[in-house]
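Read through the structures below before going on.
In what follows, chain A forms one complex with chain B and a second complex with chain C.
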Partner chain A sequence: MSLVEVKDLSISFGDHAVVHAISLSIDPGQRVGVVGESGSGKSLTALSIIDLLPESDKTKGDIVRNVPTGESLRGKHIGMVFQEPMTALNPLMKVGDQIREALELHLPGIDFVARVAELIEEVELPPSVANRYPHELSGGQRQRIGLAIALAGEPELLIADEPTSALDMITQAQIIALIKRVCKAHNMALLFISHDLGAVAALCDFVHVLERGKQVESGTTSSVLKSPQQAYTKRLIAAAKPTRRRLTTRTIGPPLLELDGISKRFKLPGPIWAKKSYVQALSDISLTIREAECVGLVGPSGCGKTTLSRIIAGLQTAQRGTIQFDGHAYGRKLGEMPRAARRELSMVFQDPFGSFDPRLNMAQSLYEPLNLMPELDHAERRERVHMALERVGLTPEMLKRHPHAFSGGQRQRLAIARALVLRPKLVVLDEPVSALDVSIRGDVLELLADLRENFGIAYLFVSHDLDVVRAVADRVLVMDKGKIVEQGDVDTVFDAPQAEITQRLLDARLGV
Partner chain B sequence: MIGFAAKRIFGVAVTLLVAAAIIFFLLDILPGDPARFMLGINATDDAVAALRTELGLDQSAFNRFFIWLFGLFQGDLGISFSQRMPVTQLMAERLQVSLPLALGALTLSTLIGLPIGIIAAQNRGKLGDTLAMILAQVGIAIPNFWFAMLLVLAFAVTWRIFPPGGFVPWSDDPLLAARSLVLPIIALALPQAAILARVMRTSLVDVMQADFIRTARAKGLTQSQAIWRHGVRNALLPVLTIMGLQFAFLIAGTIIVENVFYLPGLGRLIFSAISARDLIVVRSAILVLVAMVILVMFIVDLAYAFVDPRIRAGGGRSDG
Partner chain C sequence: MAEQSTFARALSHPSFRVGLLGSFIFILLALISVVWTPYATDIVDIPNRFGSFSASNWLGTDYLGRDQFSLLMVGIASSLKVALLAVAIGALVGVPLGLMAAAQRGWLEAIILRFNDFIFAFPAIISAIIITTLFGPSAINAMVAIGIFNIPVFARVARGGALSLWTLEYVDAAKLSGLTSAQISLRHILPNVASLLIVQATIQLSLGVLAEAGLSYIGLGTQPPDTSLGLMLKEAQSFFFGFPMQAIIPGLAIVLFVISFNLLGDGLRDTLDPKLTRVSTL
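Up next, the complex of A and B:
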């Protein structure tokens, strides 16, 4: 008898149907994956199984849960882990107490302190974390605490809704291995929700593919991956495989950007009279990017990738070192990045939802960088904006709309268009495709390759995704703990990694 | 936590010193002779000269500042020019009224405002929420002196439960003193409660959307358990700031209500000192008020740190 049986489940917000007649069943101890892109209805399906849908949503169909009636469902029989480890825990409560709360609800009368310690050990954390607050833990550690909370009631089913999408590759691989081990040890069933086929393949025996609220394909993971029947599944599988590398006909020119001995440290908080302590974010970074070259920058989270890209873009200053960019020199002793250099450099950020001012329409956002070029008249500005839009495959009519009226993929195209209006020589791309669905990812990478081909733009491509970097970059820099530990031609570095961290990053990849 | 408090205490001391200097020198650098100003245009030269000596105006401003500061540390704020009484004694008498008034009003407004805000947030969009928010809107809109007069009419004139005004010192008749503060406390607390209810509701509605509330539900808590155990404390942070500002207002900004009830509070003391051009009282009273506001903000900061561990730790900062 299956543990949970969902029959023809439909969910709608008002008149708008978002989930259409989904059926799935989970047997005791079975690990089932639900794959789909954003808006496919996969999270809503999960929330309806644990009975947490907002009251305003209307559901049709049946959900049969074969658990003893009269007892609480949530926590006791079904545990759930959520996507965002940063916000999923109460920031004002020690994590041990948050685990203990679940125990008090479901297992009254046991030795809470001892059981909390056991759960923390089970998710492979040191015992001392019980007395810590969520902000003192890393994303991966918080996600482990989320798992410990879900395990506290000893449920028969664990639902994990994108538990690793906010984590870096190495942490993701560890969390997936942990979930698998815990499920096996307790003979616990798993419903794993993800946009990432690789993660599903690593964990699940059975998979359901959802597209815009419809179930397009179901089957054992191996059969679906080996011989997909539907076009959509085939596209997802193709997109999850490493993109084929596109060679450029551009010749790589003389050095455009040169960093020499860049160091940056942050002061740690403490009493004003105490000896100051620092964390070294970057130590003695030197690198070169040539004209029309695409350089990848990879490393685990917290290695200093973002700080380095912000320093290159002039958003932060380093304590030591100099930067030469397009004939301008700047740095700690040489002063701020000059205005004339700023217009030769643009930046594209990870989150296409957060990187546009929601109150400005797209015209205002796209014309704004041109204030750096006061010599342009109105017609020239217009031409630049329209051309940039055309390049990214959008039309000038869209300029009147505000950010909320665009999809994630469109917004990232607009962010690239905004970076292009200045016709910069260098674009710093900070995880430009990580927040995008896999099917759009390929389009955006293709667009970046086109732009480089046509305009000879150089890129610094910051990413945690090694396959993407391998597909787009000529050269790669590997960072760890604020230092560049390895660099060279992408194929050389990835085929024969020298540094330990490169090897670990490569091992953490989840293929399909 | 102790490190955090020590850091803040240092800040409080510096702020107080700077505030004292500003208050002293601002009044001192004003054009004209303070003695002549205090005595008015018809004063004789002899009287002005006598007052100058009494005020120590023949000494340098710095000397006078340090003498004043030294006096402050000993609790000596000088002698009131208009009332011929030590300012310390005057202030102490007035604080006997103003402090219980402010504390009482703050406590009452918290006891009324927070639960209403929480209930409104729990019933968001339903009848209870709408009613509570209409009430809060009315509470904010009603002028407190008018409300105070209604209270006097109802509870002092018609039903004679509470005295209509006046105040006897605590030492004479503590019960009567307390009773004469009841109506003013209500009059002051209600508009403040209305503001608190609105802030609490907005803040809690925001927090209820947070992911950790969903985690709490998934753990097995009911919606209202999740709100009480996880939501309220998180929603309290903006409310604390508002409460600090309200207390600062309640200490000295209550002059209209004091007038309605004939209460000898701090507000009326300052008002009469300004009318009587008594710079000595004005200066000291302002300093006491400033000190209270700084102290309250310090307490709010501590409360913040107590509620939120992230503030205790402080944020990382680049030194570059």
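Up next, the complex of A and C:
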């Protein structure tokens, strides 16, 4: 007899249907995954099971929960782990007390102190964290506390809504292993919601694929992954394994960018009379990027890769070291980045929603970089913008629209178009696909590869996703704690990693 | 979801509707008084003083026999003028200061913030008294005194809004395009903090009306023969026990005036700042 059975569930807000006739069932101890992109209705399906849907909805269909009548559903029978561990915890309460609060609700009359310690041990944290506040813990530790709270009521079903998407790769792998172990130990069923096929494959025996509120495919994880029936599932699987593209007609040229001994440290805030303390963000970084070369930059979060890419782009300055770029030399002693160097370099940002001013139309945003080329006349500017748009597969009519009228994938194309307007020699790509849904990632990567082939643009590709880096980059730099710990040809580095961090990053990968 | 204009969304907000209607009536009365009032306000008619409500003088007459309704219209106009110009002074000086502080950070920001604290350290009414006693009581000086108080308010709002915008990626993109801090402030920051500033302006406007009334009441604002709501209150207080309506009418006008602008501001804030209203749907 199944624990929860959902039959033909439909949810709509006003006239807008978000979930169409979804059916799923969860048996005791079974781990079920729901995969879909943003807006596919996967979170709503989960919330309807735990009866947490927003009030303004209209729901049709049956949800049978195998729970004794009169007992509280949430916590005791169904536990939930949320996506953002910082906002899911009360910032003013010690985490031990938050676990205790859940215990008091569901299991009155037990030894709370001992049970809290047990739960903390269960999620593999040291006993001392019970007396800490959420802001004193790392994202991964907070997510473990979230899991401990969910476990407090000893539920038969655990719902995890994107529990790892706010975490870095290494922590993600640890949390997934932990959830798997805990579910097995308690014979607890799991409903795991994710956009990441790899995470679902690592954790679940059964998977439902959702596309725009419709259930397109269901089956055991291995059968769905091995022989997907629907085109959409096939696309998802293909996108999770990006195909490799190398230069065919073009060859890598002479060095374009050379960094020598770049260091940067940040002062930590503190009272003025105290001894100054610093964080060494980058220490003595030297690297080379050649013309038409794609260099990957990987590392765990906080390793300094964002600072490094911002220094290369000229958004921050280094405290030590020199930069040679396209015949210009600049740096701490040599002065600021010259304007002539700026026009040979541009950047594509991670968040396709934050990279455009919501109040300006696309024409205003796309013409903006031409501020660096005052010598161009109106017709030349127009030609450049239109050509950049054409290269990313969009049309000039779209220039009149504002950012909100575009999808995430279109915006990322527009961001690439904006980077191309200057016809730069180097583009810094800061996690250009990680905020995009898996199915459009492939298109954007393909576009970037075409642009490199056709125009000989060099890329610095910053990413936490090793599979993507392996597919696009010629060479890879691995960073850890502000230093480059390993570099070389992607295949050499990934097949025979030397540095410990490279090994750990590779182990944390969740393949499909 | 169908795109709705901000104004249409605001109109569905009940307090905004009430506030808009009230403010509209007050502004209309003020505008009409510039070209026409039922009676001239500078003609003394002693035999008819302290007249009660009648068909010819809707709200009666004051201690000099002047028509109360005409005085009220002119009073609203002068109160509004003082408050508007005070807001203009505050916004024109405060907003650039706030934007500069957010753009430059470092020592410039520290100076601007300390300057703000300095102004905030004095109770508003005390400094207004200092200014008006130094430069003589007049509507203009009251305006400047209230305006100085608006400077740090606008500077804070502008800086607070701007600081969060400076960390956004489109601002980075603008930096990469070689735009200077001043250009970025004008092109990207100001339009995006405009809604915050508009809300603040309506609130400061209602506070300005109140401050003007207070200053005029203690004789430091508008001077006779001109009139303002505060001055009407002051003149009526000697006769309060004999003729309470003399004070109640301008007093009520001040209350309604302030409430209207506050409701307008609240409604605008709820509409323009989605963080406060849009209860998360998921």
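Just so we're on the same page, the second predicted complex is superposed on the first by the 492 of 512 C-alpha atoms of A that agree within 3 Å, B and C clash if a C-alpha of one lies under 4 Å from a C-alpha of the other, contacts with A are read in each partner's own complex, and residues count from 1 in each chain.
Quick note on the criterion: a residue touches a chain if its C-beta (ideal position, glycine included) is under 8 Å from a C-beta of that chain, and two chains touch if they have at least 3 such contacts.
Just so it is clear, the model here is predicted, and its values are computed rather than measured.
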Partner chain in contact with A:Ile50 - chain B first, chain C second, else both or neither: first
Contacts of A:Glu101 with chain B and chain C, given as first, second, both or neither: first
Chain B versus chain C as contact partner of A:Ser72, first or second or both or neither: first
Contacts of A:Thr317 with chain B and chain C, given as first, second, both or neither: first
Which partner reaches more residues of chain A (counting touched residues only), chain B or chain C: B
Which superposed partner A:Tyr133 touches (first chain B, second chain C, both, neither): first
Touching residues on chain A, where the partner in the complex is chain B: 50, 52, 72, 74-76, 79-80, 82, 84, 87-93, 101-102, 105-106, 133, 135-136, 146, 149-150, 152-153, 264-272, 276, 278-279, 316-319, 332
List of chain B residues in touch with chain A within their complex: 3, 6-7, 10, 210-212, 214-221, 229-230, 233-234, 307-310, 313-320
Residue numbers on chain C that touch chain A, as the complex places them: 1, 168-170, 172-179, 187-188, 191-192, 281-282
List of chain A residues in touch with chain C within their complex: 13, 16, 43-44, 47, 54, 56, 313-315, 339, 342-343, 345-347, 349-351, 354-360, 365, 368-372, 415, 418
